[in-house]
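These are the structures, in C-alpha cells.
Here come two complexes built around chain A, the first alongside chain B, the second alongside chain C.
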Partner chain A sequence: MASDREVLRQVWEGKLPVCFSLAEEELQDLQTPDPFYLMVPRLTYFPLVTDKVKRHFIKHAHPEKQEAEMWLDYNGTPLKWQYPIGVLFDSLLGADATLPWNITVRFDRFPEKELLKCPSRDVVESHFMSCIKEADVLKHRTHVATAMQKKEHYQLWQGLQNDKFDQFWSINKKLMECNRNEGFKHIPYRCHKGDQFSLPLQRLVKPFEEPDCQKTLGDLIHFLLPSDDEKSLKVIIQGVEPSWDTPLQWLSEHLSHPDNFLHLSLHSI
Partner chain B sequence: MNVRHAESPWRENILLQLNARNKLQNHSFQELISCHNRIFESATALRSENLQLSIRNEQLRQEGAELMLKGVPVDGKAADRIQTLEQKLHKKQEELTDLLRGKAENAQALVELNRRLNEKEKLLALRDQGLMEAGERELHLKEKLLDTDARCTELQASNDTLKDEHYALHLAFEALQDKLRKAQEENAVLVEKLMKIKAKDAEKLNEENDNFVRKKQARVAQELEDAAKDTGSISPDRGSFPGVERDIGAVMPSIGTCLPQRVVLRFDAHDGEVNAVRWSPVDRIVATGGQDRKVKLWDISKVFWDHFFGTK
Partner chain C sequence: MENSLTSHYPGRLSVRFRLKDRFRGSGSVVARLLCHLGVFNKLLDQNRNFNSADEFESLFSIIIMEAGNAANEDKSDSSPVEEQPSSVAETASDALDAGNAAGANAEPTKRPKPASSDKSKIEILLKAAGNAPILKQKKWIVPQDRTIGWIMDFIKRCLKLEGGENLFLYLNQSFAPSPDQVIANLYECFGADGNLVFHYSLTPAWG
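The block that comes next holds the complex of A and B.
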C-alpha cells in the first residue's frame, strides 16, 4: 500500500525551472524575443504546460510556420512529449545539472522520425490512460483499471492536468493496492539508459524473490545489467538516487510516476 | 511494514534526497521565476502602454508643430496687429450678422417661394387633372364621332338605296301618271259618249213623254169633247141615282175645282223651285224637274229618288 503520504507529497511537489528560448535560426525579427521562464511539475507532460510558451514565441516565428506544431529540443535532442518531464530531465541531464533547464523552442522542420505528433491534449490523455492500463496489467492482471468507471479515469487525468494531489491519489491508491505478502505480480518499470529513450529496458520482475524476501533496486540493476559494476552506475529516480537496498515494491508504490511506471535513469559514472 | 519502512535508513535517505531535490530545484527557483514572470508581464504591459504613449506623443508633437506654425509671428508689433485683427474681426462679425440677417430673409423668401411653389404645383395638378379629363372626354367624343361616322355612312347607304327606290318609284309614278292621263282622257271621251247617249236617251224619253202627254191630252180632249157632247144627259138635278148624287155632290161639288188642302208627303227633291211633277203612266214612278236643271225619277214604293240626270 502506498501509505507514506510524506514521501508521496514530496514526490508530487517536485518541479523544475525551465528556460524556453526560440531557436536562433528561426528568428524573424532583429530583436531576439525574451526567454520564457516557467516552473514545470516533474510529473506532468510538456504539451500540458507549454500553451503560454507557444503564445509567447509564435509571433516571432516565421509567418508560414506559425500553423506548424511547436516542438522542443535540448542540446540538439528532440524532447519526446510522451515521457514525463522529470524523466526527460533525469535522463538527459542527471542529478547535478545546472539549473534552470535551457530548452530550445522550434516550429520549423519537425523531426517526424523521432517525435510523435501531438495535435491536442486528447492525444496526451489517451497515451496516459494506456500507460496506466499497461502498468495495471503488469501489477494485477485483474485489470483494476479496466474495472474502473470512466468518471474515475477522468478524475485521474484531471488530477494530473490541474496538479491536484488529493484528486489524483484518491483514485490512484486503488491502482496501488496489492497483497501484503506478495506485492504486485510484476513491477512496472522502464529503465532508460542514459539518453537512449528509444530502447528502455523492460523485463518481467517480481517484487519478492521468496515470501518475506523483497527484491531491491540493486537486485533489479544486477538482473538487467549483469555485466556492469554497481559502483560504476548511478540510478536516478524522481531526481534522487535511492540506495541499492531500497525494496522494489516500495519504490514502485511511492516513486512511480502518475502513469504508474517506475522510471529509472541510468548514468555511468 | 510502514513502521519498518519508516525506521529503515533507505527511506530516510530518499526522503532527505527528495527534500534536497525540491529545495534545490523547486523552492530556490519558484520565487525567482514567479517574480520574473510578474516582471515579464508588467514589462509587456508597459511596452504596450509605451507604444500608446509614443503614438499619443507623436500626435501631440504634430499638433504642437501646427500651433507653432500658426503662432510664430506673435511679437514686435503684436499690439497693432492684434488691434487691426480685432477690427477686422469686428468687421467680419458685422458682416457675419448682415449675412445672417440676409440668410434669415432668404430663408423667409424661400419659405414663401416654397409655399407658392406648392400652390403652383397644386394648380398644376388640377390642370393636369382637367387635361386628363378633357383627354378622356376627347377620346369619348372621338369614339362617338367614329360611331356617328359609321352611322352616317350607313344612313348614306340607306339614303342611296332609298334614292334609287325613289327614282324607280318616280319613274313608275310617271308611267302611272301617263296611264292615268290616258285613262282620264279615255274616261272623258267615254263620259262624253255616255252623255251623248244619255242625251239621246233623254231626248227619246222626253219625246216619248211628249208623245204620251199629247196622246193623253188628245184623249182627254177627245173625252172632253165626248163629255161635252153628252152634257145634256148628265145633270146633277136629275136624280137618276139619288143616293149617289147626293154623296158625290157632298164630296166633290165639282171635279174641275178639286184642290189639295193639305200636304200628304213632303221631301226635298231639288235645289230651288220644282217646276214639274209627273206620274209615270206605266210604272210607280214620279218624275220631277227643277230649277237646278235636273230631272229626277222617283220610285214611290222606295221613297228614294232613283235616278237623275241633268243637262249641265
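The block that comes next holds the complex of A and C.
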C-alpha cells in the first residue's frame, strides 16, 4: 500500500510549463500566431490537454489541413503521445532542461513511421487501461485490474483526465496492494534514453531478494547495464534523481505514473 | 518434370523463390512457398508470369516477406520438410520468373532451427479469439526487434483484412500491448515455454 501519501500528492501535482508554436513552414498568413503557453501536468498525456492548442493554431494552418491530426515535435523529434508528458520531458531534455519547454505544433506530413495515430480520447483510454493491466499482470499473481468492475476502470480514467487525485487513488491503491514481506511479484518499469523509448531492457525483476532484503534502484541498473554506475549514468524518475539506494518496491508504489509503470529516463554523463 | 518431382519429393515441398524487383517496390523479396506437390506442379505446367506479388500470393497460400525475415513451417505439422537441391528450385524459379533466370538463386531450405539456438529470433504463437478466423499456420519465428505493430500488420495480411477493419492483439489474455512495443521486451516478461502466445480478434475481447 502506498503509505507515503505526501509523496503521492507531490508527484500528482507535478507540472511543466510549455510554450507551443506553430511550425514556420506551415504558416499561411503573414501574421504569425502568438505562441500558446500552457501549464501541463506531468502525469497526463498530450492528447488530453491540447484541444485548446489545436483550436488556437488550426486557423493559421493550410486550409486543406483543417481535419488533419495535430502532432508535436521537440527539436525535430516527434513526440510520442503514448508516453506521459513528464516521461517525454525527462528523457528528451532531462539533462539540461530549460523552461518553458518549447514545442512545435504541426498539421502537415504526419510521420506515420514514428508516431501512432490518435484520432480520439478513446484511443488514449484504451492505451492507458492496457498499460495498467500489463503492470497488474507483472505485479500480482491474481489479477486485480481484470477483476475490477467497469466503473472502477472508468474512475481511474476519469481521475486522470480530470486531474482528481482522490478519485484516482481511491481505486489505484488496490493496485498497489501486496504482501508486506514479499512486495510485488515483479516491478513494472520502462527504460528510456534520449529519443529512444521503451528500450529493450525489460526483464522480470523481483523487489525482494529475501523477506528482509530489498532490491534497490542501484541493483536494477547494475542488472540491466552492468558497465554503468553512478559516475556514468544519470537516472531521472518523475523529474528527480532518486538515490540509488532507494528500494524498488517503494519507487514502484510512489513514483510510478498513473499507468502503474515506473519510467526511468537514462542519461549518460 | 512432373514425374521426377513426384517421385523424388512426395508430400510437401518448401522452396524459396526470388521475385523480380518490380513486383514489390524496391528491394528483392524472397517468397517461401508451402504447398502440396499437385499445386506446385500446376504452377510449373502453367509456366506463368505473375504480374504482381499480390497475384502470386492470391493463388498460393504463401506469404511474401522481405529477404532476411525467417518464417518457418508449422512445427506441429507431422509431415517433415524435405530438403531441396538447388537445381529443383532454380527450375521452379525460372518457371515463375521467365525473364530473370540469372538472378534466380533460390537457396535450399534447411530444417528449421529451434528458436533457442538463435537468440535474435523469437517464436510466437498466434491464437484466434472470439470469431476471428483461425490461421492455418500459427507458429512463426520472428526477429526479436519486431514491434507489436509489425505483428498486427502481418496478421492482417495473413487474414487478408480490408484497410478499415480493426485487429486487436492481446497477451496473457488480458492486455493489449502498445504497437510500438518491441517483442524482445514482451518475451522477457511474458514468454513461457520458449514462446510468446498472442490472441488476436476482430472485436475488443479483453477491453
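Just so we're on the same page, the second predicted complex is superposed on the first by the 265 of 269 C-alpha atoms of A that agree within 3 Å, B and C clash if a C-alpha of one lies under 4 Å from a C-alpha of the other, contacts with A are read in each partner's own complex, and residues count from 1 in each chain.
Note that in this section contacts are C-beta pairs under 8 Å (C-beta built on N, C-alpha and C of every residue); 3 or more make two chains touch, one makes a residue touch a chain.
Everything numeric here is computed off the predicted structure, so don't read it as measured data.
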Contacts of A:His186 with chain B and chain C, given as first, second, both or neither: second
Contacts of A:Gln10 with chain B and chain C, given as first, second, both or neither: first
First (chain B), second (chain C), both or neither touched by A:Pro242: first
Touching partner for A:Gln82 - first (chain B), second (chain C), both, neither: second
Touched partner set for A:Glu24, first chain B, second chain C, both or neither: neither
First (chain B), second (chain C), both or neither touched by A:Asp166: neither
First (chain B), second (chain C), both or neither touched by A:Trp250: first
Which superposed partner A:Tyr37 touches (first chain B, second chain C, both, neither): first
First, second, both or neither for A:His127, with chain B first and chain C second: second
For the chain A and chain B complex, residues of the former touching the latter: 3-4, 6-7, 10-11, 13-17, 34, 36-39, 95, 99-100, 180, 238-243, 245-246, 250, 255
Residue ranges of chain C touching chain A (in the complex, touch as defined): 144-145, 149, 171-172, 174-182, 184-186, 188-190, 206-207
Of all residues in chain A, those that touch chain C in their complex: 80, 82, 116, 126-127, 129-131, 133-134, 136-138, 143, 145-146, 153, 186, 197-198, 200-204
For the chain B and chain A complex, residues of the former touching the latter: 1-2, 5-6, 9-11, 13-15, 17-22, 24-26, 29-30, 32-34, 36-37, 40
